[in-house]
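Down below are the structures I want you to see.
One chain, chain A, appears in both complexes that follow, with chain B as partner in the first and chain C in the second.
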Partner chain A sequence: MTRRNFLRGAAAVSGLTALAASLSPLLELSDFTNVDQFMQKYYKELTPDEMAKVLKRIEGEVQRQYGIRPHVRDYKPMDGVEFVYCLNLTRCIGCRKCVHACVAENNQSRNPEIQYIRVLKLPHGSLDMDKADHNYAPAAVPEPGFFYMPVQCQQCKNPPCVKVCPVHATWQETDGITVIDYSWCIGCRYCEAACPYFARRFNFADPEIPKNRLNPNMSYLGNRPRKRGVMEKCHFCIQRTRAGRYPACVEVCPVGARKFGNILDPESEVSYILREKRIFIQLKEEMGTSPRFFYYFDV
Partner chain B sequence: MENLAGKNRGKNGANTNYWLGGIAAAFLGLGAFFLANGRGHAVAQPNIPLVDPKFIATTPWRETYADMVKANEDLSDYDCYGCHERKNPPPIRYDANQKIIIPKEHADIVMAHGAHDRNNLCYNCHNEQNLLTLQVRDGREIKFDNIPQLCGSCHGPTLRDWEAGAHGRTSGYWNRSLGGIQRLSCANCHNPHSPRIPTREPAPGPYPLRGPSPASANPETSP
Partner chain C sequence: MIQATRNYFTFLWRCGRIAFVGDWRYYAWMGLLTAICLFGLNAYCKQLVHGLIVTGMTDEVSWGVYIANFTFLVGVAAAAVMMVIPVYIYGNEDLHDLVIFGELLAVAAIVMCLAFVTVDLGRPDRFWHLIPGVGQFNFPASMLSWDVIVLNGYLLLNVYICGYLLYCRYQKKKPSKWFYYPFVFIAIVWAVSIHTVTAFLYVGLGGRPFWNSAIVGPRFLASAFTAGPALIILALQVVRRVTASAPAGITGRATTSALAAPRPATLEDLDLLAHHLPELETVSMDDRLASLHGATVLDVATGDVLLRQRTTEDSAFFVLSGRVVVKREENGRSRITRSAGPGEQFGEVSALAGTPRVATATAEERSLVLRLPAASLRRLMQSHKMNDIVQSRMSERLMITDHGLLMLRSIVQVSMLINVFLLLNEVFKEFYSGNLHVASAKYLFIGLHGHYALVPWIWTAIGLNVIAMALLVLPLSRSLKWLNVACVLCIIGIWIEKGMGLVIPGFIPTPLGAIVDYRPSLNETLVCLGIWAFGLLLYTIFLRMAVPILQGRLSKANEGQEL
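This part shows the complex of A and B:
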């Protein structure tokens, strides 16, 4: 054997070995994509027939995984509707029922835990987020001297997350909801980095949803079960709001601190609040994101 | 080309073949190691208990008299004239410190409506002429299924907000053309005798991706 041949052989063998070693994650691949999923077109390019096929496929997948046949729909935005959220900080007692109602409605992973809403406990007199406590666990709320501020996706009018997505898997719809197409997201987490509100959640592991707590009323852009490696976030319960109903967080809030509606309708609660109340806060206003979330006090 | 066979020695004494063999063996070993350990190790996940369903229930905190009537519940406890005489309203008694004395038959009532015992007279709201109804200070008689008009007679801005849907929870359809809404009455949340909302247990806080759930970690806000 010549030196040259030996070198060729050694390079070939070590290269192949390195290649084999680098392919070892394939050993863990449990849910390799099927052809339909792989060849699915971009959401905005799907014809209604193709969308119907996609929805059926998703229903089948969910049935195979959870044993429950869901109803997956693709809701389109209504005309003349722009959603706005008003949250009354005088009323919020920090009970966190909104957090868990959201989890139940939107089929979020229980372990690892994903929660779209994070309630901050702040001392009276300051909106300094450095003083916020995310993990308060007293025996009873509200505690004297503190107020509670739940934060979720602010559905900004000028969303930084949409700007940074390299594949346009997230965009803002005409009714103001910033949506994510879970089938298009590549999981690069640029949007999570860009969001000033910690609104975006990433599925670091396969989501775990208990079968008996699955919500079978699903929508394509909303609460259909996600897979590992995609982003998700509050979408104003798109499967409810585009059917004319209030989001789950509004429905469960025991003190009525949460108000949701169409700002283009002068008779909605949110129009009333924005007309009548005097003190409004938009979080991190200086970042120029123009959020659709208005925190207010009842004075 | 110089013939090095048999000696494995280059010009400067380098053992080229041994070196090459060694490097190749090292890479092969590394490859084998990666293959064997390439599988991800499952990180021990914390045991996150499922949330108690009481934290996602939408039932109001209190049941009003009107709710009980609608649900055909047993109203024998609320038959005022079962004990009281018509045309003879019961007198309200106060102790030496001007504090109202709650009779033992109504011991479940705690009077705390208004700071400094301002609202310390039952007949401010209850109608002494007809104990089955309520009254407003301007003389109107209010039935028990129309409480907001009584509460709103003093709490005007709150009544305005409530009528617009901004005070208290509204559930159902934001798009009224697609469906109706459910509103709550004042007494569904506020105990009319001590209306301040009592404190209650919060739902558990968030669990991080790894590690145990931290107890209140921010010293500035922990009590």
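This part shows the complex of A and C:
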């Protein structure tokens, strides 16, 4: 063996060892993906049979992870329905019960914390977001001199997030709800940059949900548990609203500030509000996003 | 066909082999880069296991240094090709070789861009959702889908152009204009497009007033044309340093023993040359006989000097056997600009132009050399084929001249002025109008509600840019030493301005007014360093292959010989 060959061999061996050492964290990589998950087709391309299989598989995965057999369904939009949300700013007291009801209903991660609703505390007379307090924590609400404005996905008619998604992983359904296919999202977070309402959330880590808190009534495009690396956001509680119930935030609101319904039905509460109220606003109307979420006042 | 494929694979094999050969400096450099790469890879593996939580990013600041580096490098890649313009449109020969180095830099930069985007993805395993026809490609609505097309297209274009030109050089064949001119022009337009599309990623977001400004596109281009050529100026000087074989002055013994007794050339000598240079066959017998007038044949030993830089005399040379190396001295160092084997020429440029020699030619081994007076060479060049081959080989020299570098300096100079001008425009618009949208700019430049995280960064960038601009404008930077200082300053300045200064403040405050500071984590920084090291590693390998090919030392003619 010549000196040169020895050096070459030594370099190759130490190089390969270093490579192996640097790749070693991958040994901990479990449950990131498997063949079925990797090969899973896009939501809109799944036949009913394939969807049934996928739902079964997801139920099995959730059971393995949380020990509870959930009921996962693919709720479809109803004909003749377009959902609209109205929020009465005069009534809201900033208690954040909606935030917590939402977290529980939609199986959001408790650690790191993911919440779809952000309640802003604003000084009287100003809608300037720069003056908003996101982390208010007084002993009791409401505080004099302030009003509260909860913000969540505005379900825009012209959603910037849908336009920018490079893989069609998010889209608007016929009932006006913008949904996300969690099994298709690549996690580029372009939608998060595009959203003017800070409505989207990213799973920076694997979500943590206490086993006994898991909501077993799940929908494919709604509250089934997500994985790390994908986006999520408010979907008007698809698993409830497409089955004729109110979203969790509407149900829990102690002051009746939240109203929800079908704008195509002239008899609905939201139709009445938008017909009769003198003032209602769409947040950042000048963006041209045309939200289906309206803020109104008792005047 | 089979032979052509085999030739091509031999070429690739030899290029691959040479990447593993070098002196101790080369091994040390490559070893260092490999080590950093592996640290980066290790950090990325941790990110894969734990998720993007190991970065400093949050829902509030959802893009960080990954996308900042991506944005900067798209600019470098775009600018590298813009240097092509003076060469192909204005026919500036000084930059000719620089173009290949520029395009190789573009290839390395694009690979780094793709790596930075990939590490930023939450689900890199789902990359196939982005493949048109296989996944769901949201084209043309999403600017990101445009970016996928333009970046990958740009990569292919540049790989093709560099590969083609280098392979032609390797075979000592004249590149056919039809095979690369159209692509060069497409690449020029494409270079503008990659950067504009990347700017549009930001500009198109109505919810982010800091980005939603028409001037971002032009600013991107201006800063790219500053940082890109600046990086190339530095890279070229490294190439010059590394290819310098020895300090000037001791190249070649002054002995010209053989030169003292040249013998007159005969028709047999021309036949010997024609054996290596078939184009000579097309020269008429009359012209051949006429060219012998004054022509001589020299039998030289290793180290004999055939012509000397800065002297003037009007003869051109053809190598009949052996090998002659041509070296150019500049700033006290000498570098190989060409290596001529049998059938190849040297000294023809200055002979035909009647100018002083720009390099010194020394026999590398015992050689037989035909010396032709300029008039004889012109006589031979009356044949079209002979004319074409001689002309095309004139450009086959690796010349990185000070003049070429100073041409690049003027590009950097003008771009820097425009860049600073556009920045001032932006600052004026933000602060004078004083509307609510100024929050991000305030956060960046003077701090907002007690948050000052980016203030030191941007003022460092402005300071560096202003000093660099001053240096570039002053005649001082005609000295390469000061030019290098200016280049380093503007690369760092623009990296900060475009990264920390453009990507991050767009997110702060959030659309709902919250201020959340961003600081890259250690893991994130390691991943970035790893990708940069990988890019440099790639570029070093490209140069390791390209330089000997351009010098003529790695060619089809010397297959089977170790370098």
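Rule of thumb we're sticking to: the second predicted complex is superposed on the first by the 271 of 299 C-alpha atoms of A that agree within 3 Å, B and C clash if a C-alpha of one lies under 4 Å from a C-alpha of the other, contacts with A are read in each partner's own complex, and residues count from 1 in each chain.
To be clear about the criterion, a contact is a pair of C-beta atoms (placed from the backbone, for glycine too) under 8 Å apart; a residue touches a chain by one contact, two chains touch by 3 or more.
From a predicted model like this one, the values you see are computed outputs, not experimental measurements.
Undergrad: Once both complexes are superposed via chain A, do chain B and chain C end up clashing or fitting?
TA: In the arrangement built by aligning on chain A, the partners chain C and chain B clash.
Undergrad: For A:Arg96, using the defined touch cut-off, is the partner it touches chain B, chain C, both, or neither? Pick first, second, both or neither.
TA: Once the two structures are laid over each other on A, A:Arg96 reaches chain B alone.
Undergrad: Look at A:Pro142 in the shared chain and tell me whether it touches chain B only, chain C only, both, or neither; answer first, second, both or neither.
TA: first
Undergrad: Who does A:Arg3 touch here: chain B (first), chain C (second), both, or neither?
TA: In the superposition, A:Arg3 touches chain B alone.
Undergrad: Quick one: classify A:Val230 as touching chain B (first), chain C (second), both or neither.
TA: second
Undergrad: Output check: A:Arg213 vs chain B and chain C. Expected answer is one of first, second, both, neither. What do you get?
TA: A:Arg213: touches chain B, not chain C.
Undergrad: Return first, second, both or neither, reflecting whether A:His134 touches chain B, chain C, both chains, or no partner chain.
TA: In the superposition, A:His134 touches chain B and chain C alike.
Undergrad: Return first, second, both or neither, reflecting whether A:Leu264 touches chain B, chain C, both chains, or no partner chain.
TA: neither
Undergrad: Using the touch definition from the top, say if A:Leu46 reaches chain B (first), chain C (second), both or neither.
TA: neither
Undergrad: Quick check on the superposed pair: does A:Leu274 touch chain B, chain C, both, or neither? Answer first, second, both or neither.
TA: neither
Undergrad: Name the residues of chain A shared by its contacts with chain B and its contacts with chain C.
TA: 18, 21-22, 24-25, 28, 112, 118, 131-132, 134, 204-205
Undergrad: Mind pulling up the chain C residues that touch chain A in the complex?
TA: Listed in rising order, the residues of chain C that touch chain A are 34-35, 38-39, 41-42, 45-46, 48-53, 55, 57-60, 62-63, 117, 120-127, 129-130, 135-138, 141-145, 148, 201, 204-208, 436, 439, 506-507, 509-514.
Undergrad: Residues of chain A touching chain C in their complex?
TA: Chain A reaches chain C through residues 15, 18-19, 21-26, 28-29, 32-33, 38, 42, 112, 118, 120, 128-132, 134, 151, 160, 163-169, 184-190, 192-198, 200-206, 228-230, 284, 287-289.
Undergrad: For the complex, give me every residue of chain A touching chain B.
TA: Contacts found on chain A: 3, 6-7, 10, 13-14, 17-18, 20-22, 24-25, 27-28, 78, 88, 93-97, 99-101, 103-104, 110-113, 115, 118, 121-123, 131-143, 146, 204-205, 210, 213, 241, 243-246, 250-256, 259-262, 268-269, 272-273, 276, 298.
Undergrad: Per the contact definition, I'd like the list of chain B residues that touch chain A in the complex.
TA: Spelled out, the residues of chain B in touch with chain A are 16-17, 20-21, 23-24, 27-28, 30-32, 34-35, 38-40, 45-46, 48, 50-51, 55-58, 60-61, 161, 164-175, 177-179, 184, 189, 197, 199-207, 209, 213-218, 220-223.
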